[in-house]
Each structure stands twice: as C-alpha cells, then as structure tokens.
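Each remark here refers to the structure printed beneath this line.
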Amino acid sequence: MHIPDGFLDAKTAIATAVFSVAGLGTALRHAKQHLQSREIPLVGLTAAFIFVAQMLNFPVAGGTSGHLIGATLAMVLLGPNAAIIVMSSVIIIQAAIFADGGLLALGANIFNMAIVAPVSSYVIYKTLRGLLQNTKGQLISASVASWCATMIASVFCAGELAWSGTVAWNIVFPAMVGIHAVIGVGEGVITMLVLSAIAKTRPELLTGTSFQIHRNENKPVLIYGAVIVIGLLLFVAPFASQLPDGLDRVAQSLGFETKKIENMGFSTPLHNYRFFGIESPTLSTIAAGITGAGVVFVISFLLAGILIPRKKNINNSPHSM
Amino acid sequence: MIPAVQVANLRYNYPDGKEALRGISFSISPGECIGVVGPNGSGKSTLLLHLNGILPDPLDGSSAVAINGKTITKKNISDIRREVGLLFQDPDDQLFCPTVFEDVAFGPRQLDLTEEEIRVCVQRSLIQTELFGFENRFPYHLSSGEKRRVCLAGVLACEPHLLALDEPTSNLDPRGKRNLHNILKSLPVTKIIATHDLEMVVELCNRTIILDEGIIIADGPTTELLGNEELMLQHGLEKPHMLRHRHPH
Amino acid sequence: MHHDFFDRFSRLNSPIHNLPSYVKLLFSLGIIFSIVIMPMQYRWVFFTFFAVLILISLMSKIPWRFIGGRFLFLEPFALGIAIMSLFQHNGFAIFLTILVKSTLCLLTIILLSNTTPFSEILSLLRRIGIPTLLITVLALTYRYLFVLVDEAARLRRARESRMFVIRRSRVWLSLTSLMGQLFIRSTERSERIYTAMISRGWQ
C-alpha cells in the first residue's frame, strides 16, 4: 500500500501530512511521558523487525507471493502508541533509503499504514478481546483486527487517490478494497501465526504486562480517532454518494460537494459492480466488506482451534491484554 | 595507594534465584592488568557487570564494589560509568549508532564538550585503536575485529580509569587477536579481562583470578596458576600451550 | 551477507555526493513538488526536469544498471495503480500524466537516497527539530535492520536444512515461526543494547 510520488496531488499530500504530524506527534508525546528508556531500543528493534517481516515472501497461488504489513502485529506486541512510532519509522526508512513510497506521499503512507491501521486495529482488537477473553480469543481478535485494519487503511488509500483526481472513486474503491480483502486474509493469518509462535516460547510478551509501554495507552486513542474521522470526512465522505440525508447535509455545510458517480462512455466489470443487487458501488463494497469480515472471523476461529489444542486454560490470566 | 577496584564479599543471585556470585573479594591496583578465567557459567560476565553498576539492578545502598575508593551508589553512578569502560561480548550490541564516528562520540557527547573537543576526542581514540579514517564507515560493513576496536575506541574516548573487557577476542581471527593484543598492551590503563583466551592472559596479565561456580578458586601470578595443569583441569580449563614447555622457575 | 541495494553508493566521491545534504534534500523535495503541481500542458518543463535528472545521474557516478534495477523493482506497483486511472473520463491523458510524473519522482528519490547517507539525513532532521525520540528510533532501526536480516537468513537456512517436504502450508508455518523467534531474539538484543547504552552514560 505504499503510494509513490506523482499519484497524489498537492492538496492531498499536504492534508495527509498534517494528519500524520498530528497523529505521530501525539504518539511521540505520549511516549515521552510513558516510555521508559529501557524500552526505546525495543521500539527501534521492533521497527527493524517489522521491516524484515515485510520482506518475507509468503507463497500464494502460482508464483505470486504475499507480504505482511505488520501494523496489527506491532500493535498487539507494543500497544497502539508505540505501533504508530514503529510503523512510521519503517515507512520513513523505506522511502528515504529504498525509494519505496514517495517523499511527498510520506504523509499519506504514514497516515494510512502507521496511524489508521494500528489505531483502527486497536479499537477492533480491544472490542473483540472484551468478548473473547482467553488465549485463543487473543489470536482470533488479532487476526480479525488485522483484516479489518488492512481493509480500512485501503479505504483511506482509495479515498486519497480519488480526492487527487488520479483514479475515479467507483473504480479505485472496489478495486482497492477488493484486493485488500484478500491481502487482509493473509495479514490476519500471518499475524495470528506469529503471535501463536511467540506465545509458545514467551507467552508473557503477549499479556501486555511485560512492557511499560502499555500504560495509559487508551488516552491518546481519542486524538487519533479524531484525526482519523476528519480524514474520513475529507477523503471518503465526499464520494460515498448515497449517504444518509443527515450526513449529506453535514458534509455540504462543511463545504464538500458529494460527487455523483461518474457517467462513463463504456462499461467495465467494475462499473456494474453489484453485491447482491445493491446499486451503489460504495454500499455494495461496504456490504461485501462486512460479509468478508464475517468470513475472516470464521477462518480465524477455525485456525485458532488448530493452533491451540483444547486443554485446560492454564494461561487464563484476568490481566491478559 | 587507593586501589583502582575493591570488591568485598560480592554476592549475587540471578532473578530465578540461582546463585551466580557467592562471596567474591579482591582488589586491583592502578595500572595492573588482571585476567579472570573460568569455565562457562562461572560468573565472569556477571562479575564484570557489577563493576560499572549495571548489576545489581536496582542499585541498593550497600554495593560491594568500590571504584577508586568510591563505593558505587545511585548518586555517583554516572561518574562510575565514565570511569569504568565496559566492553561487551557481542560488538553488535554495543555498536548501536549509524556511523563509527557517532558511536565513538556517544560517550563524549554526554559530557558537555564542544563539537570541536568531541571531534578531537574521537580522532584520538580512533588512532589509539588503529582505526584512523574509519569515521564515516557503517558498522554493518566492518569486520569483527574492526567492530571490536570501534567498541574499544568508544570506551577509550571517555578516558576511563578501568577497562573491563568481556571475551574481547571471541570470534576474532588470529590477525584480529594479535592486533587487539598489541593495542591492549600499549594502553597503560588498569585492565580486567574476562576471557577463555588463555594465551592472551599469559601475554598481557601478570595476575590471574580463577573463578568457578561463583567463587574465587585462586588469585595469583599468571604463570603459576595457569601453569598448574591439575588446577586448570579441575576447573574446566586447560594449561595454555605457551606454558607447556616452560619450567616454573 | 550483503544487500546490494543498501547504501552501497551513498558514499561515492562525486560532485553530487559532495554537496551538503540539506541542498540535496531541499532540491529533491522542490523538484517533486514542482512535478506534482505542474500541469501536463507544459511539456517542455517535464523534459527539462528529465534532462536535469539525467545530468545529475551522470554526475553522481552511480552505475546505470543499479538505477535501472531499482526502477524495475519499484515501478510495477506504480503501474498497477496507474492502470486503474484509465477507467475514467479523459483516462488516457491522466494515465500518461501519472506515468510521467511518477517516473520522474521515482528517479529523483533513487538519486537522493543513493547520494545521501541516511545518517546525514538523520542529522538534518535533528537540526530542524524533529523530536529526539523519533531520531533515536530511526537511528536504531537503520542500524539494526541488516543485523536482523542476517539473523533471519541464518534462522531460515537452519530450518531449510531440516525441511525435506516443501508444502505451501509448511512454508507459512515455518516463516511465521521464524518471525516469532526473530522477535523474541530482538527483545533480548534490545535489552543488551540498553545495557550497552547506559554503560556509556545514556539516560
């Protein structure tokens, strides 16, 4: 999901840069207050770890391979605030040394993969954890959260590309989200498998108590949430043409024109994208997305069942993250 | 004369309860170079970590270690860390800056020197360790021997009173070892070297301490101790080749 | 183990390399920004940009093969998105615009990253006031990146020596297990690095 330079126009690059600075700045401030010096090398090494993890080739069908993004993995291991710093570092180094992802597009890439992904993943993870308390539940929550985070990040990516006028919304939205629905499955499975591998040798690394980083980790999430919602209004809302009336009016009063679906001279498969007969590409995709989430949940559940054989819950600590 | 290092009845247990050091006592005079030898697990590294206050963690008031007459306390820990230069086993853990210059400058930077003074300091240390011209190199691209020497330079840059080295010649080829021997020989600073490299101990250290299972088995002249075949074998060591054809008088 | 794309050329001796880093960074940002906002009508501007970049490439003494290689590696993703742009009103024009712009920007960044060592970029960031914590984390990430890549390679070689059946599911399990191992080792290493840092006075 690394957007190169030349795909986003100036206003999008600047807007996303502002959001990134806000999000990353908050994370850094939180870290300054709560991160112990002893954990700073850990943050650096985790970033190096995620970088390496992203390089690994996971074979998929016929010669292609998938890769991990790692935002959710970082979030489960170090908490959302440190994850923001970890992912931002990875993205900055990829751009500055490997030219992977643009310089002007840094704002967008950091926003999508280092802020939207870990934070949305955190919210979903925490919610699911509330319902599924045990070790198996942790793996399932992480897996589903990974998939959702990948999807949500891709929505923002699509929105940014559409807002720049680079690609039409009704093409990029289903395409991005569709592709990342599949990529997200890989992300979910890999995340779950890695966490399971860590749990086998050093389960205490996953309980959220071995690192002080996790202290007070909820407070800044409100700020991140606000930044993300503003981003949503800016990049996504204008395009979701069949907004409920109220939201439509709010958007208009803020000055955004809700764009109509482009009328095209020729038809493509995507133009007629329907999911069970729902007209709007946006709502179709959203409906598909929700269904996808359900599918991923089932897959994760089955996988977790294989990874954790049914035995007495020794690890059922009430303080599990 | 105030001893450079005074250790009095040092005891330490690992977090899991196992006894690591069971009452260690010795002292080092300024300028001496002593070797600490013993089988794996004897507590050599753990002992060294006590010399600059890394252990015990957290520091309590009653440290068994005194450097230059000062008992290690929380208050003087920064000074202690400057006076005791500790070199770790894995240079990759210790060489944590992006370039050689920055890494060697790391210590001096904490000391409120000007940029110019720092540069001079770094240059001097690099010359001492035969690394002149390496300022802009990436640690990643260096050989094991070069990395070791950069770590040494980084520690020398703060002009320590005591050099504590943990397995300095591990993973070095014969040339690297020879190089390091010569550099260490040329340094007048007090030294304590924990190592398996008994040849180096014979060459550099007049005095040796044999450690086994957390207690000092013997503390005396190197040739006498290391030349005692039975003593060596008893404690998981071997009489070094250099001493095999020597007679102890 | 050597990684060909890593900073192999960032310390060559060329007129470009010898320029101060802030000049290179500002220039790159300036060019990229100009490329992004420039309407496609002004073709000659783009040709000028291209000529300038080629000139810089020549002066930088970085081998063509290497630049070409980086290009081939990074371009496909750009193409993927670019193709999507075809499906809209005036699509072909937009497609060409994007292709031209992204290619020029990519060339700029490849040149920048290979004529400026990352440590200098970090010093620059420190000077403009980026928080110390982020700089420290970036420096550590950069420093230990390839240590971890090597470690991962060693772990993988050890595993593969014992894998006789190459099934896809096994590969996923093996890789993720390796990643778990790598993370645990990284936490242990970070403890040792911390110890080394405080031994040299860091607070």
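Order as written gives the chain letters A, B and C; numbering starts at 1 within each chain.
Here is the rule we go by: contacts are C-beta pairs under 8 Å (C-beta built on N, C-alpha and C of every residue); 3 or more make two chains touch, one makes a residue touch a chain.
Keep in mind the model is a prediction, meaning the values are calculated, not measured.
Peer 1: Select, from all pairs of chains, the pair with the highest number of C-beta pairs in contact.
Peer 2: Of all chain pairs, the one joined by the most C-beta contacts is A-C.
Peer 1: What's the chain with its C-alpha centre farthest out from chain C?
Peer 2: With centres defined by C-alpha atoms, farthest from chain C sits B.
Peer 1: Specify the chain with the shortest distance from its C-alpha centroid to the centroid of every protein C-alpha atom present.
Peer 2: Chain closest to the assembly's C-alpha mean: C.
Peer 1: Express in whole angstrom the distance between the two chain centres, defined as the mean CA positions of chain B and chain C.
Peer 2: 39
Peer 1: How many angstrom lie between the centres of chain A and chain B, each centre taken as the mean Cα position?
Peer 2: Chain centroid spacing, chain A to chain B, equals 47 Å.
Peer 1: Based only on mean CA positions, could you tell me how far chain A sits from chain C in angstrom?
Peer 2: For chain A versus chain C, the centre distance works out to 22 Å.
Peer 1: Residue numbers in chain C touching 2 or more other chains?
Peer 2: Correct list: 7, 118, 139-140, 142-144, 147, 189, 193, 197-198, 202-203.
Peer 1: What positions in chain A touch 2 or more of the other chains?
Peer 2: Residues 41 of chain A each touch two or more of the other chains.
Peer 1: Quick check: what residues of chain B touch more than one other chain, meaning two or more?
Peer 2: Answer for chain B, listing residues that touch two or more other chains: 96.
Peer 1: Which of the residues in chain B come into contact with chain C in the complex?
Peer 2: Of all residues in chain B, those touching chain C are 49, 52, 54, 78, 81-82, 86, 88, 90, 92-99, 102, 106-107, 110-111, 136, 138-140, 154-155, 158.
Peer 1: Quick check on the complex: what are the chain C residues that touch chain A?
Peer 2: Going through chain C, the ones touching chain A are 5-7, 28-29, 32-33, 35-37, 70, 74, 77-78, 81-82, 84-85, 87-89, 94, 98, 101-106, 108-110, 112-113, 118, 121, 131, 133-134, 136-145, 147-149, 152, 168, 171-173, 175-177, 179-184, 186-187, 189-191, 193-194, 197-198, 202-203.
Peer 1: Which residues, counting only chain C, touch chain B once they are in their complex?
Peer 2: Residues 7, 11, 117-119, 122, 139-140, 142-144, 146-147, 189, 192-193, 195-203.
Peer 1: Flag every residue of chain A that touches chain C in the complex, lowest number first.
Peer 2: So the residues of chain A in touch with chain C come to 2-10, 13, 24-25, 28, 31-32, 35, 37-38, 40-49, 51-53, 55-56, 58-59, 77, 85-86, 88-90, 92-93, 95-100, 102-104, 161, 165-168, 171-172, 175, 189-190, 193-198, 200-202, 205, 262, 264-265, 268, 270-271.
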